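A, B, C and D are the chain letters, set down in written order, and residue numbers restart from 1 in every chain.
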Amino acid sequence: MTVRIWSLAGALAVLALLIALPDVVRGYYVALATKMLIFALFAMSLDLLLGYTGLASLGHATYFGVAAYTVALLVVRAGVNSATAFPAALAAATVTGVLFAPLALRARGSYFLMITFALAQVVWSIAFGWRSLTNGDDGMPNVVRPDFGWSLDNTVSFYHFVLATVGVAALLLAAIANSPFGRALRGIRESESRMQALGYDVWRYQYVAFVLSAFFAGIAGALYAYYNRFVGPEYLNVVQSAEALIMVILGGAGTLLGPAIGAALIVYLEDFVSSMTEHWVLVLGIIYVLVTLFAPRGLIGLVVEFRQRRAAK
Amino acid sequence: MTALTVENVSKNFGGVAALKDISLDVQEGERRVLLGPNGAGKTTLFHTISGNVVPSAGRIALFGLDITRLRPDRRARLGLARTFQITNLFPRLTALDSVLLALGGASGRGMQLIRPLSSYRSLYGEAQQVLDRWGLAATARRIVRTLSYGEQRQLEIALALAGKPRLLLLDEPTAGLSPAETRRVVAMVHELPRDMTIVMIEHDMDVAFELADRIAVMHLGRLIAEGDEAAIRANKQVTEIYLGAE
Amino acid sequence: MMSENTVPFDLTIAPHADEGPARRCGLRAIATAGVAALLFAVPSLAARAAEPIKIGILVPLSGNFAVNGQQTLTGLKMYFDKVGNKAGGHPLELFVEDTQGKPDVAVTKARKLVQGDGVAVLTGVVTSGAAIALNAFSRDNKEPLVLSGDAGADELTMPGPLVNPYLVRTSQNGRMVAAVGADWAYKKGWRKVAMIGSDYAGGVDVNFAFAQAFCRLGGKVTQAEWPPIDTPDFGPYLTTLDRNVDAVVTFEPGADGLRLARQYSDFGLKGKLPVLDLYAGLVYEPNLPQLGAATLGMYSALFYSPMLKTPENERFVAEFQKRMHSLPANEGPNGYVGAHAIVDAINALHGDLSDKMKFIAALKAIKFDSPKGEISLDKYGQVIQSMYIRQVEMVDGQPANVPIATYKNVDQFWPYTEAEFASFKYTYKDSKNSLTDCARLLAKN
Amino acid sequence: MPAQGAGAGAIADRRGRGCSMIWVIQTLNGVAFGMLLFLLAAGLSLIYGLMKILNLTHGSFYLVGGYIGLTVMRLTGSFVLALIAAAVAIALVGAAIERFFLRRFHLDELPQTLLTFGFLFIFADLSLWIWGGNPLMLNEPQIFARSVPMGDYAYPVYRLFLIAVGLAVAGALWWFQEHTRLGTMLRAGVDDAEIARALGINVSLLFTLVFAVGAALAALAGVLAGPVLSLYPGADFEVLILAFVVVIVGGLGSLRGALVGALLVGILDNFGKAYFPEFALFTVFVPMAVILVVRPTGLFGRR
């Protein structure tokens, strides 16, 4: 029980720090922290699929990008109110998940990875090629941030908006992870056949996990469209999908907190190291290799292992 | 009542016949052991009964209900449980969590998305009871991967039993166990309620004869003999093929 | 291990705190010309007068556009170095950030430069996607943006949804080169051409501008092929190419250009069908020595040639070769001109950039001779400059793009007036599949 | 003669030109490109089949191999030396990566992914550092630096050479797999590592060997592709994606699948771009998605 109290206290301290962040650091870092939060949610959404259900997707940027594009198309092309576009974007990402899941779930393991990748490439090609609608690779600027009676144009208020949204989404994800459903997903990750033998309709669980994961990725994507005030096909790119995978693995798959930390760390490192040296790609590569060698279960894995070792003593 | 009916079941894998025209009836509450050398098709037969393999021909019924084309999980919810020959557990979960999953599958509560599992107090109590009952109380908080092989085999059975199945399929529950562990498993099976139907694959003749009401012997995908201990011991073909090989 | 050494998330930096360790490293230090001035400055008046003007440079230094970023950066630095990194009585301090060629990264880095480092002006920018994203950032944050890289999307400097009073572009726009190419092609006597254009927004923009201008004169595009970016093999396009034309007009930047130049010759088309290479992606200067004879005779249209015999350019080329060990193509001169424009505008205001609109006005008023030729800006902040038709010839045993025709004072609407340009019904965005349809291209509102 | 037979300029006519020579050329193009893809995909597929590693560094082997070949070619002028140097150097690099890094995480997918991704980054930056960002064209050997006339067209001889090399490598690999002891071990290992171990096969050595050979094949592809595709930053990722497509279409772990997949992708891509140019962005990925949806394990793949 003391462990629980401590972690609760820790969580509250972190939350207080996050809320007070704009008072402590200067403007640019608030914006960077906003980006970290958005990608933390993106990575956590993938973790539901990769870490909990054991399905490695190389097409997760699809749901992120579809939501972002929905916001941009509705706001810029159709003149829809930006706040109204938000739920529509989540719906679009979810529907895409609903449609793609049955195709992707025909396979497992590396083949699942490949199908998700193939489907994602098709969506990317549409965003890239349908110039009259999407502006192709030029992307769509002039995305307006929503206005809920108070303006989000200011860096700090937008940060708090993102913090609140990501916070609620993270709580939901954590609740799902600890619900009977989330536990069942872990069981499926460990052994599909055993779960079936126990009476679980494995496919349906994977399907729901897939769609939920798309939904949460959609939240991150819509936020990112507001954050940058534009969208481009890069949002849908395989590089974006791969980066999400790396964030999850780096932080520690199947822990939610790990992927969030992994995402924040990678966003920060890309920004920080690339300002120091143009060879930031090399530095990041070396970091990935070192993390694998010393923390094969991800950064959180180190902590878990440490705890287990102490518990064993 | 007939618990399990297997009617003229055949299975071909890419032209190789693994099961040839198998027919089998198991009565409710019966303890049936499947004997046969490696490659006889015993595990394939199990797979067709549990739904992991769809037979090429024939029909399977569970308590009078045709289940030939049902998915494994539907069969499980009809009261069928099984263990696997190669230990098939949740390596990175704790023993308690594993049993919780087994209980959840039977109850159909798995689709609860928000309410934390830890708030289902009664479920936890039940899971702990299952572990206590099968002598696994001490393993509750341990990660399955770290359990001994014997404990893992016991947990296999405990998981299958958690949902209180009406028909239990045990695939070589004592394979690879020490004599002491084997005795523990045999005791476990003895303790099961008599109305539970059990079909079991077993290599150990002593175990087989101790537990079985009736025995069926398979060879090269065919059922070659059926009967009680005496009948099997007296069967010449069985002695030649199976007992002779030992 | 990680969290201690590599993640000094600097929570303690107050708005005007001293430069943290991150500030002093790598690129920034290399670029920081004002450091010496700071060290020797005496507090009080002298210090105030010598307060550096900070300039933010956004170029891709990693990823697929790294080489374009490097060349642009070299051009920029060459001019800043030439004026001793001083303008309007102030030292200039350069802050370089890597955009990776991605729009979202570019905006993140711009925010860092403006909100973190406090730069007075942003410059560089190689890709159009990044330019369009940065344009919105510049408008929303009232931050002057001088596009000095290749980013050539036309709409940026034209009346329309992207209008931004804080933007000027000293490099080029997509259509100016293409329109001049069409004029020259028609005057050369070509009437029917086939086009091969890289299938992205910039490619369609350029080829559309060519087809429209060519049609207006009376020529016709009989076929338009659109290979995707990173087409490994141009074989399928070259074998289905219409042979019954006067010339082939291409727009293929990057590795695609090198491949197409090579494969054009491999498939025996060189010598049969002349090539006019808009923006010189095939005959890009670094490609020429690798391709040898394969490019001899190819025509190209661009706003620059290293072979221009002007004193400005000869000095520039000599210095550029000293730094990069290769001939400059389009990016180096663009960077150089951008830096020149910024320095001239700062000089005109004696270093007082407090009024941003005055700074923009000073930028729009610049007029000078450059390696590219004479430079000035129109009322939208878009460059007016010379265009050159070049042909690959052997010079001192090396293939080189020798200028054979010059068009002076080409503005962004050339050859149309702004009014005529605005009267066309269709834009490149809805015309990818109708370059062969002159009636449609010339349709008016 | 095709050109004369064609109506002047009408596009529909030109595309439909019933000339067999164009078909021959398009097919040759597709096969030549397919052979390059095969060299890339064969290694990727074998490595996956044996070790279940989805090697994201494979494209880097191609690019760095190509660059090494280019340097050797420019220093010595010998294409053969360039091929040998690239293959040997990259084989050693591959063996080292397998031995000292991947080996520790046998059958552990996530760390292996992160590891190969890290190496992808490292090689990408090192090669940008060493060879710069300009696209570089390798020169083909002098004897192939010409074209043969084909009807109204010319066809580059070097591409015919590519087809020959691809067929030779495919033949050699097939012979190796079917007729050598190591090949038998390889097949056994692909089928079941346990069986392989039971047969007394030194699986550890086999792993390193296969990884090295796969890497060397990618390096060969890099050098061979140099004169056609050129080498540039980003090519590593592009060819990795293409190789992925091939192994997915053909089925992971199957040499035959890699060959059929490579030819299919090469030919589809070529004819797609030639005859349905408006769908050029989709010529590779839509067929892949369709094949996967219909047959999730690819044409020759097993679960």
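Assume a residue touches a chain if its C-beta (ideal position, glycine included) is under 8 Å from a C-beta of that chain, and two chains touch if they have at least 3 such contacts.
Model, not experiment: these values are computed from the prediction.
Hopping across touching chains, the smallest step count from chain A to chain C is 1. In the absence of chain A, chains linked through touching fall into B | C, D. In terms of Cα centroid distance from the overall Cα mean, chain A ranks first. With every chain reduced to the mean of its CA atoms, the largest distance from chain D is reached by B.
Centroids of chain B and chain D (each the mean of its C-alpha atoms) stand 48 Å apart. The geometric centre of chain C is 35 Å away from that of chain D, both derived from CA atoms. If you average the Cα atoms of chain A and of chain D, the two centres end up 33 Å apart. Centre-to-centre separation of chain A and chain B, using mean CA positions: 41 Å.
Among the residues of chain A, those touching two or more other chains are numbered 128-129, 279, 281, 287, 291.
Contact with two or more other chains is made by residues 125, 128, 281 of chain D. Counting partner chains per residue, chain B shows two or more touched chains at no residue at all. Under the contact rule defined at the top, the touching pairs of chains are A-B, A-C, A-D, C-D. Note for the complex: chain D touches chain A at residues 48, 52, 54, 101, 104-105, 108-111, 113-115, 117-126, 128-129, 237, 241, 244-245, 248, 252, 281-282, 285-286, 288-289, 292-293, 296-298, 301, 303.
Interface residues of chain A facing chain C in the complex, by the touch rule stated above, are 24-29, 31-32, 35, 128-129, 131-132, 135-139, 141-142, 153, 155, 224, 228-230, 232, 234-235, 265, 268-272, 274-281, 287, 291, 294, 299.
On the chain A side of its complex with chain D, the touching residues are 56, 103, 106-108, 110-111, 113-115, 117-119, 121-122, 125, 128-129, 238-239, 242, 245-246, 249-250, 253, 279, 281-282, 284-289, 291-293, 296-298.
Residue ranges of chain C in contact with chain A, taken from their complex: 1-2, 6-7, 9-15, 22, 25-28, 61-62, 66, 97-98, 100, 102-105, 107-109, 111-112, 115-116, 128-129, 132-133, 135-137, 140, 153, 161-162, 199-202, 204, 429-430, 432.
For chain A in complex with chain B, the touching residues are 172, 175-176, 178-184, 186-187, 190-191, 193-202, 205, 208, 308.
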